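Structures follow.
In the two complexes that follow, chain A is the common piece, with chain B as its partner first and chain C second.
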Partner chain A sequence: MLSPYQYAVWLVCTILEIGVVVCAVKKNAFRRYVFLNIAMIASAAISIARYQILHHYGFTSKEYHYFYYYSDFLLVITLYLALTSLYSHVFAELKAEQYVRLGTVLLLCGTALFSYAVVQQSSSRLLTRFVVELSQNLYFVGLVLTYVLWGAVLKLRETRTRLIQLILSTGVYFSLFAANFALQNLYYGRTFFEYLTPLFGCFLPLSWMYAFWRIPEETRIAPARLAVVPR
Partner chain B sequence: MMAGIILACSVVLLLQFFVSYCRSLIAASSRQVLSAEVQDVTGIQRAASGEDYKRVMQLLQLCPERPEDRNGIQAVSAYFGLLNFLRSTVARIVPSMQAWTDMERGHCAYFAAVALERRISFSRDMLAQQMDA
Partner chain C sequence: MSRRLTVILLVLLVLVGAMSLKTAVAAHDGGSFTMAVGGAPQPPPLPDVGGAPQPPPIMDYSAGASVVNR
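On to the complex of A and B.
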């Protein structure tokens, strides 16, 4: 059974995800950042569906476990697409969108093949293990892709503050989850940051909501000021 | 082994993204000029120092909270904590780090002063609305 704290974080996170979409619509940014909004809508819908399944079958049921891992896989795919759309924004002027799409699909296939190679020895529940492995690997691939995108932002001297904040917050989110999964794999069966992990999920909607609500699209910033190592 | 490498990479990149994210929050407010009133209250004329941060935060907590500011203030508070940690550890060995952390702590204090300015005008607006009602 989940604790009241976990229920509260779950509720807050779902409200924040809906809040991102509301803020984007209010600030006329929904269409511009449509994949980010789709990711948030999917996340909110899955949160509600998870609650329904938890309420109906219970926390220890197979149904909940299967739904949890398969829906997490769907979520990471939508986030991956959202990240691709951020690439399209940064490389829009270079007209490199089709290369970005091709690269994204190839990388996704490569990650899927790698994940399959890792789990193919499993005799039972191959598909479920594959889905879990692929989700975890995609968090790390997402992190690396975000870092490459951040490098491109600095190199191309991208100045759109809202876009920069969206990219950086996505990077923080992917690194939090990649680190969390790595810790879980290192110390199998032990849960770290039991109270912090649910909060990690709130970071992305909170920061995206802030970026949509507080930062107008036309605000500009000198990206060299943001680099940790002065450029 | 693989998980260890992923963990190390994730932690390093997390720090880098987090620092850049906080600097983007701070940079957005750095161009804003403080009103004479806030300058008097905080004692910050042009550039702020890290020592001002605690005092400005105390003043900030006296004002009614603006929900849209909460995220930024919490992130910058965490960043200030990280800077303090670096200042008391790594900066003792690397002198150039000392100047960098001092400058960043000053930026954090200025960010807090700008947030204070916003909260004061928010409180005034609320009071004016209540008076009208």
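On to the complex of A and C.
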């Protein structure tokens, strides 16, 4: 049985995800950041579908369990594509579109192979274990990719404030989840995390919504404020 | 050609870094926790197929009383 707090956070998160798309459309940024918006639309739609399944079959049902993990796999893929689209924005002037695409496909295939190698000896529910393993591995790949992208932003002296805000908020989101993951494994059984974890899910749509709503596309940040490079 | 090789090298570095990070972070992992997008509550883990009770971990008596993961 879920608490009112869990329902409230879930609802707020879904509203924020819809809010990101609304803000992007209002500020004419939907097409420019189409993969970010697809990720948010998918997340909001799957939230609604999850609620329907939860309401129909119950929290501890197999249906909710399987739908939760399989739909999360889809969401991680959309988030991964959103992240690689940020790479395309940063490297647009270098005409490195095809290399970004090549890297995206190779990294996804590599992660899938690694995940399969981990779960291949499982005797039961191989596909489900593979999907969960791949989702979890993609989170960590996303975390490392975001930091690599931040390094590229500093090196290339990227000045687009909205793009920087989007990249940084994605990095904070992945870092929050990784830290939470580590702490949950260290402090097994603490109910505190049951309340904290869903809140992290709200961070990404909130920060992306802020980026679309408050920061115009034309805004530039002074390179000196990004990094001081010794000459 | 060298650009493609650079991409492959970067991909491998990211993959190794990410998997190392996951291994470090999940050193005490019981397999119960997962990261997920959105605010939906995580369902409780499903029991393994069949009703047989799970056996205790295998003890390696030759090397003291440490638990061996096989």
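Convention: the second predicted complex is superposed on the first by the 211 of 231 C-alpha atoms of A that agree within 3 Å, B and C clash if a C-alpha of one lies under 4 Å from a C-alpha of the other, contacts with A are read in each partner's own complex, and residues count from 1 in each chain.
Everything below uses one rule, namely that a contact is a pair of C-beta atoms (placed from the backbone, for glycine too) under 8 Å apart; a residue touches a chain by one contact, two chains touch by 3 or more.
Fair warning: this is a prediction, and the values are worked out from it, not measured in the lab.
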**Study point:** Contacts of A:T161 with chain B and chain C, given as first, second, both or neither
**Key:** first
Check your understanding: Of chain B and chain C, which one contacts the greater number of residues in chain A?
Key -> C
Exercise for review: Scan A:N37 for contacts with chain B and chain C and give back first, second, both or neither.
Suggested key: neither
Practice item. Would you check which partner chain A:N185 touches, where first means chain B only, second means chain C only, and both and neither mean what they say? Key: both
Practice item. Using the superposition on chain A described above, determine whether A:T84 touches chain B (first), chain C (second), both, or neither. Key: neither
Review point. Touching A:L102 in the superposition: chain B (first), chain C (second), both, neither?
Key: second
Exercise for review: Identify the partner contact of A:L143: answer first if only chain B is touched, second if only chain C is, both if each is, neither if none is.
Suggested key: both
Check your understanding: Between chain B and chain C, which residues of chain A are contacted by each of them?
Key -> 140, 143-144, 178, 181-182, 185-186
**Study point:** Sites on chain C touched by chain A in the complex
**Key:** 3-4, 7-8, 10-12, 14-15, 17-19, 21-22, 25-30, 32-44, 46, 48-49
Point to revise | Touch list for chain B against partner chain A, complex | key: 3-4, 6-7, 9-11, 13-14, 16-21, 23-25, 27-28, 68, 71-72
Study note, to complete from the structure: Within their complex, chain A touches chain C through residues 2, 6, 9-14, 17, 43, 46-47, 50-51, 54, 59-60, 62, 64-65, 68-69, 72, 75-76, 79, 99, 102-103, 106-107, 110-111, 114, 124-125, 132, 135-137, 139-141, 143-145, 148, 177-178, 180-182, 184-186, 188, 194, 197-198, 201-202
Check your understanding: For chain A, which residues count as touching chain B in their complex?
Key -> 140, 143-144, 146-147, 150, 161, 164-165, 168-169, 171-172, 175-176, 178-179, 181-183, 185-186, 206-207, 209-210, 213-215, 219, 221-222, 225-228
